[in-house]
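Next, two complexes with subunit A in common: one pairs it with subunit B, the other with subunit C.
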Partner chain A sequence: MSELNVVGKSVKRYDALEKVTGKAPFVYDMFLPDMLWAKVLRSPYPHAKIIKIDTTEAEKLPGVVGILTAADLPKTNHGAGLIDEPTMAIDRVRFVGEPVVAVAAESEDIAQEALTLIDVEYEELPGVFDPEIAMQTNPPSIIHPDLRSYSFSPVVPPAFDDDKPNVYNHYKIRHGNLEAGFQQADVVIENRFTTAMMQHCQMEPHVAVARAEVNGDITVWTSAQTIYGIKQMLCDALQMSSSKVRVIVPYVGGGYGGKVEIKTEAIAVGLAMKTRRPVRFAFTREEVFTSASVRHPSVIYVKDGVKKDGTLVAREVKVILNGGAYSAYGYLTVRNASFGAVGTYKVPNFKLDSYGVYTNLPIGGAFRGFGSNQVCWAIECQMDRIADHLNIDPVELRRKNLLSEGEINVSGETTHSYGTKECLEKVVEEIGYNQPKGESKGPWKRGRGIGLANKYSIAPTSSCAIIKLHDDGYVELRTSADEMGQGSRTVLAQIAAEEFNVEFDKVKVVAGDTLITPYDQGSISSRTTYNTGNAVRLACEDAKRQLFKQAAKKLEAPPEKLETANGRVFVKGSPDRSIAFGDLFIPTMFASGKVLKQGAELLGKATWYQFASAEDKETGQGTRVVAFYIHGATGAEVEVNEETGEVRVIKAVSAFDMGKAINPELCEQQIEGGIGMGIGAALYEEMAFDNGAVLNPNFMDYKIPTSREIPGPSNVKSFIVEANHPDGPFGAKGIGEGVTISVGPAIQAAINDAVGIRLGDMPMTRERVFQALSRKKA
Partner chain B sequence: MKYPLKLHVNQRTYNLEVYPSQNLRDVLREELGLTGTKEGCSTGNCGACTVIMNGMSVKSCLILALQADGKEILTVEGLSTNGQLHPLQESFIDKQAVQCGYCTPGMLMSAKALLDQNPNPTEEEVRDGLHGNICRCTGYVKIVEAVLDAAEKIGQ
Partner chain C sequence: MNMFYYEPKTFQEACDLLNKYQDDAKLIAGGQSLMILLRQKVVVPEHLINLKNIKEGAYIKEEGGELKIGALTTHRQIEKSPLVREKLPAFAEVFSGIGSVQVRNWGTIGGNLAHSDPAGDLAPILMVLGARVRVISKSNSNEMPLESFITGYLETKLRASEMLQEIIIPLSKAKSGMAYEKESVRAGDMAMASAAAFIEIGSKGITRAKVVVGAVGEMPIRLENLEKELQGQGSKGELHIDPKFDQSIIRMDPYVSKEYKYEISKVKLRNVIQTAFERAKQA
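Let's turn to the complex of A and B:
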């Protein structure tokens, strides 16, 4: 590869200036003239039939302009693969917080007051909350009696289980011969692990502003991370034709997987169509907790057969994801969570079953890591227990069982771009794994631990890009990559700058408007740099073809002899023979700008399609199941208070392999943010319920780590490992999700190192640590 | 019934009429169009709405607008002067302390109040001083670095 000018450099973020001045547009800041405010009456029951809805009193309240129920909407569901969710409850509610009636009023207060005047009569049904009970053959309730009749995506059809009526998807991997593997084993070790329900807690709550245009079109501004996915869901839910729906996504105040579904959009649109006025529907923080999607709580069983020397010979995994009331993106999480058990270790004989189970809880959806957090938690904790049992150092045990480049993993795929070993060695060194431990002070005991992570990225998938060359030499880039903080605009602009050999600030980014920016699957699955990045490269090539064709005539040289830099086209090897982009245009009469004599604009466009092989339904085997794997490791040093069970993270280091860092400082941002979110998941965050109602829907009772709980810059270190991927732009893969995954396991190992307890349930709250310490003493 | 309110925001005086139940955050955002001040919770826990009132950082969602009558308010829009970024804003850019940016204005205002009171904070003091502002993206690492960097710049 020739030397790079912009790619690989830590240019400052494209969006930083707008954001530090408070000028960056967010939908939560939008207040349109003549706008109405929406509020939603939600189900107070986890599971009930709706007998009657009476809105007469609310309609009479001055200032109430429109009321919406399921009766006003098409009776069609939406979903992300399995089409099971109504926009508003139709005849049944399936979780506390499900939308039942929406009101649009002149002010927020009036809308709120109107809700108190609505009368809904319910008939309660038994609720089921525990996924292991819900997945029984005769559960207390069947949450979706019509499950078999729902439509679904032909790309990944669901697998139901005849004897488990609440299971909405069951994914299987079979590799080698499990029984033979267990027979070869010297020891068999089996454990059960769990993880809690978490909320994304994006700082900007979910929000949409909708406007019904006079010609029947609709425009909706939304804080979302899958602009085209939202558009499709809206079309499905409201039975609208795609060109009638325009979705605009400005900056997004945090996504982390939680802004991929139409939580606010369809209701805002429904009300706007009904009232013919713009409608703003903004979640309160409480609604984010009760009614947006969450990270699936999980129960995971891992049974391993190992040789005395620590070699894994058989592994059986059962993953149970508590999916809540509707499948949503959780539908795909069931399949993709499995890959957490695929990407890191070599296992000759392997069996995995992953289940998504309906319960009467908030909807389990996408959450940064998409199931890999749960599965890697179980696998990493299990590796430590094997190490305990065989009296082998946990790092040594890992080294022994890692995959290597070119090896076939348990999905049948060939391992590429596998930076795990380098990441592991880096954190071992940097956390001082082999150094003597820091001194304990009183009840505070110190310990260190290591955890590994992998995160696949989805396939098949696609992204598109359009490049327009301006007469002043600027390169305009149009994509629908949603900017939710991960830095997509910056990284994609760097790729375009590199391709056109221009300074970073000569690239203009146009993003997030389905009227003008092309299809993209969305800012999910750590996929943007790789997929949209590849689309940008291809679109740049296409634009260069147009450019060189036009320039060839003027420079009297064949197009293949041309190259471009700094807004000019050069004849290769003759720096004095060149022409500026602007000189390809001719001036128009009346000084009304410049025009190209042919072709209207210098445009390049391209689709990047990441192919996948169809995997076998019974065995999960395929030759290309995922786009790539991110790999990484975290080392943590903690202090544990032996008397109270309190845990403090003293130091955290992570090393991650993202293929190639297009912008190293932005990769550090991801790694550090991942450490922060990982500490929250590891030690604090857990949504608590009573009969299906969230008990802690606020930041007082649901604890997110602050700057006090996360170590400062002197004690957080991030390292970049670049195992180039052959298919990635400049060798890049992705990074965003991998970084949270290894943090919990590393803290778990560090707690054990400090006080000798093995925890298997995340978060490792003070109570859990205290109880485990008491058990140990007893 | 609405009551008169005189607000001094970013060196400009506004004469308004507001309901007693309206909080300062909503008046800044909805009446004055100063949407740099963000809404993240309404319970005083996230810090996205932080502004400086008479020199002290406050959560503007917890202040009734009428309580701010006659007070000097500084929001993120007033942080740069004559088109010149405040050193904190510069450091947030240089140190890459911005991701989604939704916490950023509140963070900047808390950081400013902190540096006004303690121009030479240690890393620990900055971590302590920002603990009322939640950032879900960054793990605070580069934010703390940026505040230390700005302190150094201001001190020079």
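Let's turn to the complex of A and C:
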């Protein structure tokens, strides 16, 4: 590869100035003239039939302009794969917080007051909350009696379980011969692990502003991370054809997987169509907790057969994801969570069953890591227990069982771009794994530990890009990749700058408007740099073809002999034979700008399609099941208070392999942020419930770590490992999701190193630590 | 519904308003507890009386061997006060654990005590210090021990027409020490368990001990049995602390079990007694 000018450099973020000056547009800050405010009456019951809805009193309240119920909307569902979710409850509510009636009024207060005047009569049904109970053959409640008749995505059809009526998807992997594997084993070790329900806690709550145009079109501004997915769900939910719906996504104040479904959009649109006025529907923080999607709580069983020397010979995994009331993106999480057990270790004989189970809780959906957090937690904890049992150092045990370049993993794929070993060795060194431990003071005991992570990225998937070349030499990039803080606009602009050999600030990004910017599957699955990045490269090539064709005549050289830099086209090898982009344009009369004599614009466009191979439904085997794997490792040093069970993270280091760091500083920021979020999951965050109602829907009671729970800047370190991916742009893969995954396991291992207890349930609250310490003493 | 809003400039003006509107009025000082209740519509007052402009309400002074703190003094003012740091360093220390600097810039000592959240940090330590509060109304002014002022979960002796004017902390002349500790999930969170101890020593060991367990009950609770057991201990330098107490006082909590609250309360009690004792020896 020739030398790179912009890619691989930590250029200043594209949006830095706008953001630090507070000028960057966010939908939560958006107010349109003549706009109405929406509020939603939500189900107070986890499971009930709706007998009657009476809105007459609310309609009489001055200032109320429109009221919306399911009766006003098409009777169609939407979903991410399994089409099971109505926009508003139709005749049944399935979780506390499900939308039942929406009001649009002249002010937020009036809308809120109107809700108190609405009378809804319910008939309660038994609620079921525990996924292991819900997945029984005779559960206390069947949450979706019509499950078998729902429509679904043809790309990934669901697999139901005949005898388990609340299971909405069941994914299987079978590799080798499990029984033979267990027979070879010297020891068999089996454990159960759990993780809690978490909220993404984006800084900007979910919000949409909708406007019904006079011609029947609708325009929606929304804080979302899948602009085209939102558009499609809106079309499905409201039965609109695609060109009638325009979705605009400006900057997004955090996504983390939680902004991929139409939580606010369809209701805002429904009200706007009914009232013929613009409508703003913004979640409160409480609504984010009760009514947006969450990370699936999980129960995971891992049974391993190992040789005395630590070699894994058989592994059986059962993953139970508590999916809540609707499948949403959780439908895919059920399948993709499995890959957490695929990407890191070599296991000759393997069996995995992953279940998505309906319960009467908030909807389990996408959450940074998409199931890998839960499964890697279980696998990593299990590896440590094997190490304990065999009296082998946990790092040594991992070294022994890692995959290698070229080896077939349990999904049947060939391993490549596998940076795990390098990441592991880096954190072992940087955390001082083999160094003497720091001094313990009083009840505080010190320990260190290591955890590994992998995170696949989805396939099949696609992204498109458009490049327009301007007469002043600027390169314009049109993309629908959503910028939610991760830096996608920066990275994509860097790629375009590299392709055109221009300075980074000569690239303009036009983003997030389905009327103008082309299809993209969205900022999910750590996929943007790889997929949209590839689309940008291809679109740049296409634009260069147009450019060179036009320049060839002027330069009297064939197009293939041309190259471009700094807004000019050169004849290769003859730096004196060149022409500026602008000189391809001709002046017009009346000083009305310049025009291209042919072809209207210098426009390049391209689709990047990441294919996936066929996948056997019974075994999950395929040759290309995922786009790529991110690999990484975290080392943590903790202090544990033996008297109270409190855990403090003293130091955390992570090394991650993202293929190629297009912008190293942005990658480091992802790694650091991931450590923070990982500490939250490991020690603090857990949504608590009473009969299906969230007890802690606020930042007082739901504990996200603050800067005081995360080690200071000198004690958080991030390292970049670059195992280039042959298909990635400049070798890049992704980074965003992997980085939280190994933090919990590393802290778990460090706690054990400090006080000799093995925890299997996240978060590792101090009460859990305390109980484990008490059990150990007893 | 409309809400009427006032900004009195003196305690007298505030008391006049309270007298006029009684139960329909609510005082707001720093708003760090009340705003949450207003927002959740748990409290919906017709008349909101903001005390922030009562300049005479924020002060810290030493008078007649006592420290007097105006009810409207903010947490941050007390935390930073050289006088408090000199006279009651262990009390000044407590403030750094209250919320965050932003919370402490707004929150007041009077609001904290009047709110009477059992998880609050100030009541336990002020109780062991034997603090009194001055309660005023349009035509009355009374002092009472903080211990009798606090009557339950978010409950005090304050009547609708009354407010807090001052907190009075006697300064011990004996060789004494005090300590406060809380257990909270994150730094600056409300306590899930807490304890405070004040110990005076003479030549024959502990002459007076006051111990309070906070956060776990309906309100901070004096542990008089434990105090008695401590009497006379420590003449040889060693303490025998068995901090058990009646577990039935522990409130239900959706996040932590009663058993765990009991166990960490004991850890906190042991720690504060030991620390207060060490500090008394060094005094």
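Keep this in mind: the second predicted complex is superposed on the first by the 778 of 778 C-alpha atoms of A that agree within 3 Å, B and C clash if a C-alpha of one lies under 4 Å from a C-alpha of the other, contacts with A are read in each partner's own complex, and residues count from 1 in each chain.
The working rule: a residue touches a chain if its C-beta (ideal position, glycine included) is under 8 Å from a C-beta of that chain, and two chains touch if they have at least 3 such contacts.
Remember, it's a predicted structure, so these values are computed and weren't measured experimentally.
Clash-free side-by-side placement of subunit B and subunit C is the outcome of superposition onto subunit A.
Once the two complexes are overlaid on the shared chain, A:767 sits against subunit C while remaining clear of subunit B. When both complexes are overlaid on chain A, the residue A:12 reaches subunit B alone and has no touch with subunit C. With both structures placed on the common chain, the touch criterion links A:21 to subunit B but leaves subunit C unconnected. By the document's definition of touching, of the two partners only subunit C reaches A:695; subunit B does not. In the superposition on chain A, A:684 makes contact with subunit C only, not with subunit B. When the two structures are aligned on the shared chain, A:644 is found in touch with subunit C, with no touch to subunit B.
Between the C-alpha centres of subunit B and subunit C, as viewed from that of subunit A, the superposed structures give an angle of 40°, to the nearest 10. Greater residue coverage of subunit A by touch, when subunit B is weighed against subunit C, goes to B.
Applying the stated contact rule after C-alpha superposition, one finds that A:475 touches neither subunit B nor subunit C.
By the document's definition of touching, both partners, subunit B and subunit C, reach A:708. Superposition on the common chain places the nearest Cα atoms of subunit B and subunit C 6 Å from each other. Once both structures are placed on chain A, subunit A residues 700, 706, 708 are touched by subunit B and, in the other complex, by subunit C. If you check the complex, the residues on subunit B that touch subunit A are 21, 29-30, 34-43, 45-46, 48, 75-77, 79-80, 85, 89, 92-94, 96, 98-105, 108, 123-124, 126-128, 130-145, 148. Those residues of subunit C that touch subunit A in the complex are listed here as 36, 183, 185-190, 254-257, 260, 263-264, 267.
Contact residues on subunit A toward subunit C in their complex (touch as defined above): 643-644, 646, 684, 688, 690, 695-696, 700-701, 703, 705-706, 708-709, 766-767, 770-771. The residues of subunit A lying in touch with subunit B in their complex are 10, 12-13, 15-24, 26, 28-29, 31, 109, 200-205, 251-256, 284-285, 484-487, 665-666, 668-669, 672-677, 698-700, 704, 706-708, 710, 712-714, 716.
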